[in-house]
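By letter and in written order, the chains are A, B, C, D, E and F; residue numbering begins at 1 in each of them.
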């Protein structure tokens, strides 16, 4: 295990772990849910990429076993991570979680208000019809 | 048709990989399994998918990885800085991409690169609302996305 | 089967057939049918007199529960024969009497005779049984038939109260007696009376004898209505008069006396026994006689008289038990005399009391009342009845030349001898004093009975006119009216006693009705005039049963003995009694109902009422209906039980050696788990609580990984997530988690219970770990999993093969859960009201969710791709499970999660139309596959669930392993997919 | 390690009990799942936590951990999953019908 | 050496989880908690990968995939729930 | 190896699975259930005969011998209980036809019934401690389903609390198994017995034994019976009868098995607990029965009393008392089922379940009344009915062991049984029908009942389409009443159900008259309880 390959793999892992730690730090430190989402997405991407790559290297180089499952794992996380982040942030926004007060711009606010007003109008119309 | 074949192929490979046994029989079993699935569930596959240049894919991948690393470190830097100097915000991005697949790919790529996050999609699929950690210049951000991701995606898909 | 048993069975057989026979013979009064039993029995028992009087007893045995040594051992000896004659003789007369008394159209006569016959058989069983257990059985049966007969007019509350009271008291005594019998059996090594008599010496030495005696005495005293258990007997007079005449004077109440007599050879000489019997007999004698004087109801008077007379006989039996069998004490012979007197009085009492009850019934039947304050002057209407009543009363009062006189003389004699014998200490003089006083009272109430009913003028006549209007209604339904009169509680006789009841001009009863009492009265006379008619043939053999080898006691019985002290006492009785009778109307003590602060009846009633109330209070104290309380009972009991047991067993060893070392990250994981767990109770919202619990679940997964349990980790991971999803599905409908308003005290108690429970778990865990004494059987699995079962994943092999049966049942459990969930949600009763949900919140959500919902394009597009990934993966997990972590359960959950993802992204409807499967049927198929895999082994004559595995060579695929266990796993897979989807879709659909 | 785990088991159990003694059905259910976790860890601990490979025979190890408790826990997990699901659905249904998930309130209504 | 590195990584990851726990408990919005939970899931995945390496076994590779799938579906369900008040539409 | 041993579990299971395919076809479901139940009964009888003639029958599932695999072990005790349970349940099944309502029938009532049977029979037969847990779960989850099916408020409340208690007890069960496995490293009961004896049953093993005592007492309703009265009150009579006849018996069986086979070694500790609990159960049950004012509750407390009674036999644990336990268990299955079926019919006849609202039923339903009286007397142990033999043996055992206090309590409790049941009989069947119970009807139930009354006449004969409405309404009415505790429209009992009860009643009588056979069977069954080595050798010899 303690061969050069092993150490290389371990370094990969360590780097991934560090990235994860940073994103956890971000999760604690950043001021609003959207910003924290950015940090959270980090460990889903780079951190996992490094750790699983490290593991892949380890099994390949040390244990002499090419594990496609690990590759699949990376792919899967890369596919799902962003969508999960997107869904969660959107849910937050649509349930009225405010942006950090120092945010500079909010293009969605107006659009959403408009959309809802229209929906309300439609709903009342259909109620009247009934 | 082609997309179905692709997915089928994908499933066959997936099967093989899962067993950690890249042999032909495994591939065949996976392929047959895939055929069964697609046969059963083909209602979900509404659109066709054309096989395009591999180069375009690789190019996209390259752009993505570059963005991933660059912006990751920017974000980490922000997190580790003792005082927050970021100016976050939500930017509306008009996209020329039309198909669901393109749109999804774009927003996934946007999400995957730290510092940006697809917050919402308008009902007509024309506008993406992106939360950025540090907008700087909003227009420049939009331009960057259009030039890198959107273009590369179109290369792949059209 | 012997003839004896045939006659024992006869009443039961007849009772069983009576309803049918009655239907066949429509016009015939069923009494005539019922008559057959006692008549034949009487004939049979009479024919046995010669044999039995020679000292030979008839025995017969039919096995019932031979392996427990319980058989229908019957023994017809002198005592048995005496009672058998009473039962069948008076039985025949009572049935005859009842034929006129009960109208076949207006009364449920069939039921009456069925019960009466059952009673007759039971009573006969009591006196013929040699086996104590069988005796007990018949004893209880007499209680129950008596209960049914007392409640014959079951529409009346008083009947029901009387019936229940008698049942309660007599079966209480019966149970005590049973315990006594069992102790006796334990001490004497047998439960047969005949064998126990032989082993009296062993018994006398046994410490169990005293409790046995006391318990049996309880049976005797309750059954024979001895003070203070007498209270049931007056209320039992609610029964139709034939029943009172038969059960409550001549037979059933004498079962107690019978038992005391039957056991005399065993218990004679035991001081506790005879003192108890004599004392309670004397008290009852006096008390009953005194109370009888004050009664205004004919039957009540007779009831108290019966109580008193039963006390008399019991006193005699007590005196008769003073000296053990074969004693040579100089007074032993007087003891024999007492026993003889007991038997003689028993017979006399049966004769005169039977006659009196029947005359009372006739009076009641003809006048519609039994109230002495309304009766009187019946002499001129009913001369024959009067004659009968007079004769019987004279016998009761102890006037010569009736039988009652002779037995009373014997009683006085025994009482005096008891006083002289010196075995009663300073209280000895009380025996004759009480005997004498009670006899005086007896004289008084006998006179009252005759005079108030038949003598003087008809008191009710004045009342008649003024209450004419009230009579109207009763006239229409005379029968009901008669019942109405009997509503008057027997002893209290309230002021508003119904005067409206003297409805018809009384006239003499038909001869058919008079025949029985006349015969009985005649017997009372004959027993006095010609004691030899029964003395040597019937009474002497019975006495031999009481005191084996007893002297001849009935040969020299005669009316005149010279001026003995007994005769003087009798004369005194007449004088004082006559005087008392004359002054009685003017002395409140003698004519007013007893008003005392304390009455046994009150004790009984109040006791029952208080028991009811107290039990309600006690029960509602702990059965609060609160889940919280119930759960805390469980844990409290756990804590207490473990603590006490630990203490009782002297604790157990806890050693810390041999434990695995702790790594840093294990330590951190433990810390995290503990932190998360401790945070759970403080969760302010549902969401929070669920998330925290989910976190704990995931941390448990981590533990499973740390402790090398990949299958567990997989399963727990996915189960936890599905559970959380499920929670969420239902979440929306639940109200916001309120801050629980719990008193600090309750919180503290809860906290203490919780902490203590936790400590118990920890300490016992450490104890169990330290107490490990054997290697696990698991080595077997590790060694043989691959060779014998063809799988490398030992856990999976255990699950599908070594312990596949568990797994089969486990999926059945899951399946049932899914069907239950489906049922709970789907089953709707008509007009079911659904609680309105919070309106405002509902509308708000409707707006956002239906009209302005967000664009799902990204999720949907991605799901299309991921779906296939997950599905493929799930199949891999399914098939790889036999060698790698995984298996049917996890595979199925992965499949389901793919479908759940689909439902989330596209809606459940899409899933339903895309996969038009009835998932409940999928479940059923899955279970069926698993079952069939197991049943398949039947075909090869292998044990259920035997699996086979082997290798199959296929063209392209090469060498392939084929294990039927995989098929089993496929069944699991199908089941679990069906279950999860059923649940999820059922909940999803429920609005 | 066993000592540490025994403590954890006790704490999980205690918290579970505390939750079960609460009034809200949700808390009760969560308490039940904590109890279940505690008992599963107990089963695992009881077989001894000595080192060894996962009980997969392909692993070519000298010693394996005890597989039997793992199988038992698996069965128990599955069963308690089914039972808890049913319980949760019942709780939700009773909220629909009784309008509360407070067990004390349910009791009071039952008395009326 | 490699082992030490891996163990260090484990410690870092556990610390990260602790950080996420803080966010999980603190909130304030439900979405914060979901993000934290999602991250915990991913961290778990990483931890299990490392543990597998340390134990020199491939037994846990499947769990990595399962956690990926499951944590995604869980997050999706949570997000959908808080946004729309129900997890799956059915009409 | 004898595959017959698994049939009492397998046949109900197969029947249940088959039934799952015919959700909507009620008539077919009834036929299949009846056929399945009969087949199971036949298998049980065959098993009983075999066990009687050639000793303990074994089936090692999958061919994995003890202690490694799960071994079904049918000694005479288990075979006897399985047979009795199946036959008794058969009566409940027959009674359920037409009384549970077509809604329930369409929502898997019959499959749940069969699943319950599988669980019950499995619990009796299994020789593996963990498998016992699994079998318990099968029967428990079926009982939850049967209890809640219909979903009225009362049922929901009852089920929530019943489930909670049972989940707790199941959790403790697993914990106890874990501890025991920790000490002994095995799960097969015979093997456990050997190892426990070898280790010496003191210290920690006693604590573990007490844990098992708590677990099984919760199931049996021994001392920890507080959940029972309300739980058994909620479901329709057929289900109540089934529960009353079988469920607590399974708990008792487990107690008997555990404390005669696994932990017989230190009666000074364990059996003292059982004795105290038995005494308390009898007293509290008697007190509860006295306090109760409605039919089902009185009957429920009578269950409690009899649990205490049997436990008393276990506490004494000598030959006579163990025979008594077996005898009494057999009797109690039949008698309790009968009492509950009749109780259900009474409530139906009277349209009320409160004693104060009942009366004078004897004129409307004489057979019902007299059968109830017989059942009551049997329950009170009056000879020569079925309850007597067991009671006698138990008392004898108690006196032999000189546990006089317990014997006195059990005598007292049987007096209370007699008193409460006879009082119930009096209040319901005798006296006058109180004025207008039907006027105080719950509005919703009444309306439905009235609508159904017209079709009801035909309901029982042929439950086709229209009568289903009526049956449904009846069930609803019962359910509504159960949840409101007040009156509904009285209705007549069908002759078919009367016959079902009648046959059961006859069995109760015959069990008493034919006590010899019962006593011999009990003696044979108690052989393995008195001398567990017979059991152990049979299991471990293979």
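FYI, a contact is a pair of C-beta atoms (placed from the backbone, for glycine too) under 8 Å apart; a residue touches a chain by one contact, two chains touch by 3 or more.
All of these numbers come straight from a predicted model, not from anything done at the bench.
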item: Both-way neighbours, i.e. chains that touch chain F and touch chain D; value: C
item: For chain F, the least number of touch steps when starting out from chain A; value: 2
item: Selected pair, greater C-beta contact count between A-C and A-E; value: A-E
item: Middle chain, criterion being Cα centroid separation; value: F
item: Longest centre-to-centre distance from chain C, chain (CA-based); value: B
item: Intercentroid distance (Cα basis), chain E paired with chain D, Å; value: 21
item: Centroid distance [mean C-alpha coordinates] between chain C and chain B, Å; value: 78
item: Whole-Å gap separating chain C and chain D, where each centre is the average of the chain's CA atoms; value: 41
item: Inter-centroid spacing, chain F versus chain B (mean Cα positions, whole Å); value: 62
item: Numbers and ranges of chain F residues touching at least 2 other chains; value: 130, 134, 137, 141, 144-145, 148, 151, 160-161, 164, 168, 175, 178-179, 181-182, 187
item: Multi-chain contact residues (two or more partners), chain B; value: 14, 18, 107-108, 118, 120, 122-123
item: Overlap residues in chain E, where contacts from two or more other chains coincide; value: 10, 17-18, 30, 55, 57, 59, 62, 65, 69, 71-72, 76, 78, 80, 82-83
item: Those chain pairs that satisfy the touch definition; value: A-B, A-C, A-E, B-C, C-D, C-E, C-F, D-E, D-F
item: Partner chain A, residues of chain C touching it in the complex; value: 846-848, 850-852, 854, 858-859, 862, 865-866, 869
item: Of chain D, residues touching chain E in the complex; value: 53-54, 56, 59
item: Chain D residues within the chain F interface of the complex; value: 20, 25, 28, 32, 35-36, 39-40, 42-43, 45-47, 68-69, 72, 75-76, 79-80, 82-84, 86-87, 90-91, 93-94, 97-98, 103, 106-107, 109-110
item: Residue numbers on chain D that touch chain C, as the complex places them; value: 1-24, 26-28, 30, 33-34, 37-38, 40-42, 44-58, 64-68, 70-71, 73-75, 77-79, 81-86, 88-93, 95-104, 107, 110-111
item: Chain C to chain B touching residues, read off their complex; value: 854-855, 857-858, 860-862, 864-865, 867-869, 871-873, 875-876, 880, 906, 913-915, 956-958
